[in-house]
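Both complexes below contain chain A, partnered by chain B and then by chain C.
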Partner chain A sequence: MSAEVVLQTERIGRRHEHLYFALRNPKVAIGLAIVLALLLLGLFGPFFLSDSPNEYVGPKSEAPSGEYWFGTTYFGQDVFTQFVHGLRSSYLVGTLGGGISFVIGLAVGFTAGYRGGMVDEVLNMITNVVLVLPALAVLIVISSYLEVRGVVSQAVIIGIFSWPWVARAVRAQTFTLANRDYVDLARLTGKRSWQIIVREIMPNMASYLLMSMILLFGGAILFAAMLDFIGLGPANAVSLGTMMQQSMAWSSLHLGMWWWFVPPGLAITLIVGALYITNVGLDEVFNPKLREM
Partner chain B sequence: MGRYFRRKLLIYGLTFVIAVSINFAVPRLMPGDPVARMLTRNSVANVESSEAMRGYFNELFGLDVPLWQQYFNYWGALFRGDLGVSVFAFPSPVATVVADALPYTLALLLPSILLSWFVGNALGAMAARNKLLDNGALPIGYVLTAVPYMWLAILLAWVGGIILGWFPVAGGYSFALTPAFTWTFIVDLVHHWFLPFLSLFVVALGGWAIGMRNLVIYELESDYSNYLQALGAPNRLVRRYAFRNAVLPQITGLALQLGVVVGGALVTEVVFAYPGLGSLLLNAISSQDFFLLQGILLFIVIGVLVFNFLADVVYVLVDPRTRLGLEGGQS
Partner chain C sequence: MLELKHVWKSYRIGALGSKRLTAVRDVSIDIAPGEVLSVVGESGSGKTTIGKMVLQLTSVTRGEILLDGEDVTAHGHAERKAYYRKVQGVFQDPFSSYNPIFKADRIFETVRESYFPGVKRAEWTARVEDVLQGVRLDPGSVLDKYPHQLSGGQLQRMLIARALLLDIKVLVADEIISMLDASTRIDVLNLLGELKERGLGVLFITHDLSLANYISERVVIMRHGAVVEAGATGKVFTDPRHPYSRNLLASVPQLHRKWSDGTAEPEALEPDGDRDVAPPPLTEVDEHHWVAAAP
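So, the complex of A and B:
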């Protein structure tokens, strides 16, 4: 019984250690601060602003001012309102699309790595095929056929095509972990396969999984922005990509309306860049070798 | 080596089959009747002419035979080089329309991919274990990899084209000129080509630099580097060995990144209205030209597969372990 207690406290101690280093790592702190600040803006901003971002509220093509923080569009829509709504849909696409691809990648990777043999051959083949397939081109063809394009359907098709690299990495890691002694021991106790995977193998690559989740999130946001920009964005919502598409379509470049196309791109760059930097910081947290003391 | 290539070719063959099957299946699997949708799009009110059009489309898609036969017919047409007729550029066949746009995309893609790979790798190798360069290069690299392709293209067009006025912001060449093999035309072509190229080059640069930096650091920590250093080998020699080992994963990475870069090229072309596949794609979408859309996808898939295969060949040439059938080349 006492051994169990010691184990328990050790585990808590380890967790606190990671948290301790994570909060003191400037990269993690800065990255998370940017991501969270924009998330809060996207989540709560729409409550204070107009519900319909496409409403014609002000004078046309006005530069940023005290009243219209990011100026107005060619049609007199408030760019800031659109921006805040766009942030919301970007985060939604990132969470949903990244989440779906994460789940698929994990399922395929664990199954292939743990089962091995024929199952692995087939799954590995599928993974490699999807990996080579130029995702954006396929996404364009599929979404151009969709009758009703929404943020959710976009996230789903992005998720279906962006999992393979996670599956590959998870498979490789599972291969090495599946032959460890403690996994054999767990197998001897008669645990089910999925229990062993979840309880014994997954915790040992938790840091890696967290980081790949972050990368998938950022990747889904970039993919969605590209689709939106080509004109395959959600029909009923405003996103950062459709803002850029609109600004290009109504020649904001030639009219010098920089306030229309700079904020959406900048927001995507900030979100994704901050995620990458958080990732580097997390790498330092989980891998003591990389810590700068 | 034989096994390595057999595996690779099997994967590429399967990918091609799946890409074609996606092309075949998507219009047929989507909810609703594609023919009915096309009819509503054309908004034909007259019942008689609507029936005539329905018959025409049914025949065009070959929808009046069973599904498996449609599938084989689809493949048959494909091997005859028949990708259908473009609606947007009626009555040109899709294959010609795509082939006309292809040189522009290739002229953008190949130099930007290769150059960014070389320059990025060189920069990354220099930045590794170099405090001063590292602190400057790393944040810039991360920002660059996070930039959406089209946004950087827009910014470059705005700064270089509108504010400074140095470069044109739209088209592949001036409308005043007719394509000809003359000096003025070539200069004009390069003038229009530069900004889209620069945009693609810059975005890809960061990723390569970061990847190379991490790989070189990893190699410098390995036993052979420490051993060489202990022997008193000059720093440059150790770094050279580290670099040669670190290049290998980057070659694989080049093949894997290709899909993303092609996507980037598509949106960059849209920004600059560059007459390549990207602009064609935009036209195909806005005019609901599905044959053209599928033709473009097919060309992109073939291009990516060919390039992947080339990367595999280069990998074998560079890494002797794959040639001897040892570890190294992963399928």
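So, the complex of A and C:
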């Protein structure tokens, strides 16, 4: 190896090194490609299609054709339009629900781990209570009492219940990092607690935070699909889960209308699977020991 | 200049802070400008805790710490920040003092952000190079490097340089050379000597008596959180009065003596008692020489 090559890799630097390895990792590349492709479809698709996915637009129970790409439902609704709108709401639930639980998890974890003492014990107790709550049962109860069930309220409920494991992991890591001397040194430089958390502690767990963000996102999508499927989905919108629920309710399986339930089911599997693959890939990137030689 | 008056520290330990551990008991010390005061003692004797209280990284349970006659306890962030302009610290582990994912010279940048936001970049670079030369480091070879690319000695000297950017009065140096190898130790130690010439007061925390002897005029020997002997270094070293000090001195390996020559039996010491009662008072046995009375 010549000296030039060494110099060049040196120049990539440690920060860019991760990005470089991440994009070269096939798992990350494939996973991200799938997630992004479906995101783009959900984001921009609705602009080219009807605004009301529940409209009865064509013949009933049509198989896929040039006009109705994914066929039509038992009632003559366009499955592709529903699918694209469903993708949109699934991503919305994932982003919002995952985002809310990420923010709560980080806030609780960092506060508990950094402050320690009484604050920590109280927060830790709350975390443990939420952790052992049978979240599904609680969600079912809450969802069934809500007057208007929308995508947003569903996401908020999911967000409020799925943060504890993030909080626990963040707290544990913060405990370790907060005892490093550079944290004390930052205090001696007149930095405030939140500045120390954001600038000294958080960067050291960036990889972990990224990975938990992805998992929360996927988890929220899956959770929402589950709620939708048992009939607690949004009443005013179409989601991948409600599509599944409708198709099952009208026995598409028996009628052989595979085009009704396969797209939403496949999309959920693809999104969650792709997120999982991305995470495994990222794990390899951040833990060089796992990198395939 | 810096004065600790009857300072106590109890840590809350156990579930819900149910138990207390008294780490520092009734310690009174003072440091004058241009003086290195050594605090010596075995592991767990409370030395680091004293340093942390002086640096306000942990609260004082009882007693007070004064700087130029004023209580230092900061009320609010601004006061605390102002205090750190005058009092700074360097810690034991150079590698833990730097955030490993950032370049080492970031420690200078954060000082600029906090204390000198108005200073122009070029002028700041000049100042940094100046203090680096002051601690005899070549700016070109330590700037723009990651901590793992530098040696422990270089890192410790950079931390001292960082403190000097702030025009401080007191430096708390907690075992700053215990993790360095012998050849770089003496350089860093001599650097402390130079700080003393500049008029700084240095609180030099160590468990190594010979280092204390080398660098400081006055020494404080601690055991179980309390001072057992204090005074002029020469007196304490030539004429240790407390059995604990004698044991400490006897346990220092000496060049002309071999282990095979046999080791002296250590003297019996009284065990660690109730830490919540005041420790035995110090009595002046000689000029500038105080010893804790036998209980």
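The rule is simple: the second predicted complex is superposed on the first by the 281 of 293 C-alpha atoms of A that agree within 3 Å, B and C clash if a C-alpha of one lies under 4 Å from a C-alpha of the other, contacts with A are read in each partner's own complex, and residues count from 1 in each chain.
Operating definition for what follows: a residue touches a chain if its C-beta (ideal position, glycine included) is under 8 Å from a C-beta of that chain, and two chains touch if they have at least 3 such contacts.
In this text the structure is predicted, and so the values were computed from the model without any measurement.
Novice: Answer with first, second, both or neither: which of chain B and chain C does A:His254 touch in the superposed model?
Specialist: In the superposition, A:His254 touches chain B alone.
Novice: Count the residues of chain A touched by chain B and by chain C, then name the partner with the higher count.
Specialist: Chain A has more residues touched by B than by the other partner.
Novice: Name the contact category of A:Val132: first (chain B only), second (chain C only), both, or neither.
Specialist: First partner only, chain B.
Novice: Please indicate which partner A:Ala186 is in contact with in the superposed arrangement: first for chain B, second for chain C, both, or neither.
Specialist: Once the two structures are laid over each other on A, A:Ala186 reaches chain C alone.
Novice: For A:Val280, is the partner it touches chain B (first), chain C (second), both, or none of the two (neither)?
Specialist: Once the two structures are laid over each other on A, A:Val280 reaches chain B alone.
Novice: Once the structures are superposed on A, label A:Pro203 by its partner contacts, choosing first (chain B), second (chain C), both or neither.
Specialist: Only chain C is touched by A:Pro203; chain B is not.
Novice: So in the superposed three-chain picture, is A:Thr269 touching just chain B, just chain C, both, or none of them (first/second/both/neither)?
Specialist: first
Novice: A:Leu146 in the overlay: touching chain B, chain C, both, or neither? Say first, second, both or neither.
Specialist: A:Leu146: touches chain B, not chain C.
Novice: Okay, in this complex, where on chain A does chain C touch?
Specialist: Answer in residue numbers: 14, 117-118, 121, 180-182, 184-192, 200, 203-204.
Novice: Would you mind writing out the residues of chain A in touch with chain B in their complex?
Specialist: Residues 124-125, 128-129, 131-138, 140-142, 144-147, 165, 218, 222, 225-226, 229-232, 241, 244, 248, 253-254, 256, 258, 261-262, 264-266, 268-273, 275-277, 280.
Novice: Which part of chain B faces chain A closely enough to touch in the complex?
Specialist: Listed in rising order, the residues of chain B that touch chain A are 10-12, 14-15, 18-19, 22-23, 26-27, 30-32, 37, 139, 142-143, 145-152, 154-155, 157-158, 161-162, 169, 256, 258-260, 262-264, 266-267, 270-271, 281-282, 285-286, 290, 293-294, 296-297, 300-301, 304-305, 308, 331.
Novice: Contact residues on chain C for chain A in the complex?
Specialist: Chain C reaches chain A through residues 12, 15-17, 55, 57, 77, 80-81, 84, 88-89, 91-93, 96-102, 107, 110-111, 114-115, 146, 159.
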